[in-house]
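In the two complexes below, subunit A is the common chain; its partner is subunit B in one and subunit C in the other.
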Partner chain A sequence: MRFVFKTSYDADIQLFKHRAQAVWYALLLLLVLATPLYFFVIGDAYLLGEITGVLILAIAGMGLMLLTGHTGLPSLGHATFMALGCYLNINLLGAGVPWLIAFPLSGLIAGVLGTMIALPVLRLHGVYLALATLAMSMLTSDFVVIAEPWTGGIAGAAVPDINIFGAEINRYANPYKFYYVVLFVAILLVWFYRNLLRTPTGRSFTAIRDSEISARAMGINLTRTKAMSFFLSATAAGLAGALFGHSAGYVTNETFDLVMSITLLLMIVIGGLGFIHGAFFGAIVVGIIPVAIANGRSFLATTFDVNINVPGLESALFAFILVCFILFEPMGLYGRWLKIRTYFELFPFYRKDMFKRQKSYLKTDRVQ
Partner chain B sequence: MDFLQLIVSGLANGCVYGLIALGFVLIYKATEAVNFAQGDFMMLGAFVCIGFTNHEYLGLNFWLAVPLSILVMGVFGYLFNWGILRHMFGQSQTSIVILTIAMGFIIRFFAGSIWSHEPTSLETPYAGQDIRAGGVVLGVDEVMIVVVTAVLTLLFYLFFSRSRTGLAMQAASQNQLAAYYMGIPVKRIHSLVWGLSGMVAAVAGILFASKGAIDPSTGLLGIKAFAAAAIGGFGSLPGALLGGLIIGLVEPLASRYGPPGISQIAPYAILLLVLIFRPGGIFSQTQRKKV
Partner chain C sequence: MSLLEIDNVTLRFGGLVAVDNVSLKVNEGEVFALVGPNGAGKSTIFNLISRFYDPAGGSIKFDGHDLLKNTADEVPSFGIARTFQNIELFEQATVLQNLLVGRHRHRKTGMLSNIVFSPKAYREELRHRAAVEEVIDFLNLQAYRDKYIGGLPYGVRKVVELGRALASEPKLLLLDEPASGLSVEETQDMAFWIEDIQTQMGISVMMVEHDMGLVSAVSNRVMALSDGKELATGTASEVQSHPAVIEAYLGTGEISKTGTSRA
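Entry: the complex of A and B
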């Protein structure tokens, strides 16, 4: 059992609670930096590509986590922002802007456009916001078709390679470099996110999530703070979209569809709403499920000679896992880990209801 | 004449949207939750009826199969709430939204596994018949949809405004805690509402499948029904129906007279516009929370 004695006010908002925690995260950093070495040695970079995909999903997940997990605004339309980022990136690169400028710029413009789209619907809350973003998500594919000169429409658009000071980086030609680019972006965003959460802005996000009324009573400008959260969230989603484009190599109007938006939302719930870790855990689950299903299928086919080929199995299994999580572990994977860790830290004083949330009884805001 | 036929088929489509929207509104009115799987309920209801009626499955008499499948869907709705959503009682609306979306995926998967992913249509005794009145040819299936919807709406209106259970449902939605204090069994009321909305979904599904083919992904139609419900303001039964009719009419008219591609966009664009300019819908019932 560890006691952390706080001797200054800053101790409350330090990045790491104690030294051991910092050491663990340093080890994790070393591990992710050294991962490509293993694949380099075995000479097969296929799995590394999958890991890179998981990282890209996690970046998009962080964007959504900020909005849904920390500000409490559900969005079913984050694939739209990813599409914005991706197509902006393609067009900027096509116009001859160097990648180092085009990439962050496409994220920022996606953020600004996202905020402009979102501003009118920010007055809505809860279900209505989910509906508005759902409508946005349904419209994305149609707008990609309409904006054909920039997006290639149904035929799709090829994504140019990343070029950093003359070094060409392509997902297939040099997967190791691409991994490091994505990893760098991911770490940078985590660092930014972690710092954001200890600033007044970040805290006002959480305040809005927990109670809009009390946040307002504390003097928080609801519309401005929500718009800020939307901007940051859409920026991260735009960056993820741009990276996703590089990873896919070719995007069409069906790449960023409703299923992707929903997958992102389900992902952060499985990972754990309200935790940065949750975005990563969720992305890992989303990355593992298709591989696990494929492996399970071939295992059944070779050992028992049973061929299972049911369409839609993947999304159904995913949805089933999600339902189990919402019912039995609403705090997600990270919440489960927190509980296990607390159990051992406090052994034998852990109680069953330590993480229990207060239930709220619904009151309608309709006038009857 | 062409225009009139367009209107009638639009009305028929609109009634189906309206019925799905009615399902949302029922649940929303009573439990303050939105069922994103309502479209999939509709699809499931249609497939249950197909399973009872069509000759390659059970081959029952149509008029026996209809009440049977409505009953099955009612029980399904009740059990859905009893088994899953009741455990969410007191949790945030967001998690209910996500939960129902996930359940939609699962329902779609099971429907596809049981009844195939091919578009199937319901074998009705009145298929292909039509009514001729003064040069206008109306399909019986389309007239049927409009009539059934009108009757159902009237029944629901009376149920909510006159019956004891209906009033209890309204009370439970306005303030759960106060409803408890007044001795209303809130949890059972919720299950009843879900059962009711399952029944409405079954009716919508049967009507839809009698008019055209249905396949598991038809459940996504529910999103258009959201537009209908939002236009109506989410808390109003006639509003939901009116919204459905508007969406149903706009679609064929836009595809006939508008530029190509507009008819696909129209329902969602209307949904967005309504949410932006009149968030409470046409029959506005909301007021902003103020400190």
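Entry: the complex of A and C
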């Protein structure tokens, strides 16, 4: 068990709670920086591409996590913001804007447009907001078709390569460089996210999540703050969308569909709502499941000569996993990890109900 | 000088007149208590001051500002902080984070400098921490600083809510039943804190409370309400012995008469 002695206010403001934690994260950073080396040595970058895909999902997941996990606003329409970012990026690049400007700009414009779309529905709560964003997501494909001059419509659009000071980066031709570009964006966003959470802006988000009435009584403007969260969230999703485009190489009206929106929401719930880690854990699960299913399929086919070809197996499996999580581990994978860690830290004093949510103080139980 | 002035304020919920033409003044530096039976409209008056409701008529002025011209989230900026009858804390945050939200009205940095954690944001954060630390010391919350609200006992939550209001360094503190659900010792502590808040911090206090012991101990003036109407205003003992107040607490005049004749 570790006792953290706080000797100054800095202890609560710094990014890491204690030296050991900083060391762990430094090791993790080294690991992700060195990962391409392994694939370089074995000479097969296929899996690195999958890992890059997981990172892109995690970036979109962070966007949704900020909105849903930290501000308490559910969205079933984040694929729409990804689409915005992706097509903006394609068009800006097509207009000759350098990637280093086009990429962040497409994120920011997606953020602004996203906020404008969201403003009318921000007054809605819970399931109504979810339905409004769901409707938005259902319309996205139609809008992509309507906006054919910019999106290529049903035929689709090719995504130009990334170009940083003359260095061309293509997902297939330069998988290592592409990985580092995505990794850099992911790490930068994690840093921004952490900063947000330790300063007044982030605290006003979580305040709204936990009690709108008290947030207002503390001077937090609900509409402005929710719009701010939406802006940041849609910006991150837009950036993820732009990267997703680079990773896919070609996008059509079916790329950013409802299933993607739903997958994003599933991802952060499975990963753990309200934790940045949750976006990454969830993205890993979402990235692993298709690979696992494919491997399982070929394993069954080769060893037992059984051919399973059920359409929609992946979605069904996702749904099943989600239901299990909501039933057995509402805090998500990250919550499970916290419990395991606490178990070992406190061994043998861990109590089973340590992380149990207090039920006796629910508003309905309180005496007036 | 009066800090808060409520003039002829009326609020209806459908057919129910929750606050009926009430006028009151809270003077600078005083502890003003609102008492009355359940459903008298006490919390509703707080919610009117917080601008959660729009009154049907009347005016609410605070420190020279017309509160009716402002929205709920602008009220704290004038120096009004409050607690809730049913504790409204941010449950999935720690005590420290809750108190820091109380500092919201003093923030000077915006979203951008927060995101990049600019030196200015860092210095501001240090200042907020120092201010919150004073509140933690004052209310003896050190042991709970990093605990999540979800796991705290009821009594501690009440104190944290008081702390969150204090962290905003208000001029007027609205306390809705600060002692309800507290043990005798905890109520005792609450009384000392309210005294200190008044005398040492110079903060005016308006509180709703059913515990007449606490009301008599700390308040300078008391107003009794029933069915949204003012019954009497004065010192605690004056109000307690006022016939209309006795009547309201005992029910109709009939019952109180039969009550006394039997005794």
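Please note the rule applied: the second predicted complex is superposed on the first by the 357 of 368 C-alpha atoms of A that agree within 3 Å, B and C clash if a C-alpha of one lies under 4 Å from a C-alpha of the other, contacts with A are read in each partner's own complex, and residues count from 1 in each chain.
Operating definition for what follows: a contact is a pair of C-beta atoms (placed from the backbone, for glycine too) under 8 Å apart; a residue touches a chain by one contact, two chains touch by 3 or more.
What you see is a predicted model, and the numbers here were worked out from it, not measured in a lab.
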item: First, second, both or neither for A:P74, with subunit B first and subunit C second; value: first
item: Touching partner for A:A242 - first (subunit B), second (subunit C), both, neither; value: neither
item: Which superposed partner A:F320 touches (first subunit B, second subunit C, both, neither); value: first
item: Touching partner for A:M138 - first (subunit B), second (subunit C), both, neither; value: first
item: Which superposed partner A:V121 touches (first subunit B, second subunit C, both, neither); value: first
item: Partner chain(s) touched by A:R203 [first = subunit B, second = subunit C, both, neither]; value: second
item: Partner contacting more residues of subunit A (subunit B vs subunit C); value: B
item: Subunit B versus subunit C as contact partner of A:A217, first or second or both or neither; value: both
item: Touching partner for A:I262 - first (subunit B), second (subunit C), both, neither; value: first
item: Subunit B and subunit C footprints on subunit A, overlapping residues; value: 213, 216-217, 357, 361, 363, 366-368
item: Subunit C residues touching subunit A - in the complex, by the definition given at the top; value: 38, 50, 52, 71-77, 81-82, 84-93, 96-97, 100-105, 107, 109-111, 114-117, 121-122, 124-126, 128-130, 133, 150-151, 154, 157, 164, 168, 180-181
item: Interfacial residue positions of subunit B with respect to subunit A in the complex; value: 28, 31-32, 34, 84, 87-95, 97-99, 101-106, 108-110, 112-113, 117, 170, 173-177, 216, 223, 226-227, 230, 234-235, 261, 264-265, 268-269, 271-272, 275-276, 279, 285-289, 291
item: Subunit C-facing residues of subunit A, complex; value: 9-10, 12-13, 192, 195-196, 198-204, 206-207, 209-211, 213-222, 228, 232, 274, 357-358, 361, 363, 366-368
item: In the complex, subunit A residues that touch subunit B; value: 68, 72, 74, 76, 120-121, 123-124, 126-128, 130-132, 134-136, 138-139, 142, 145-146, 212-213, 216-217, 262, 265-266, 269, 310-313, 315-316, 318-320, 322-323, 326-327, 330, 357, 359-368
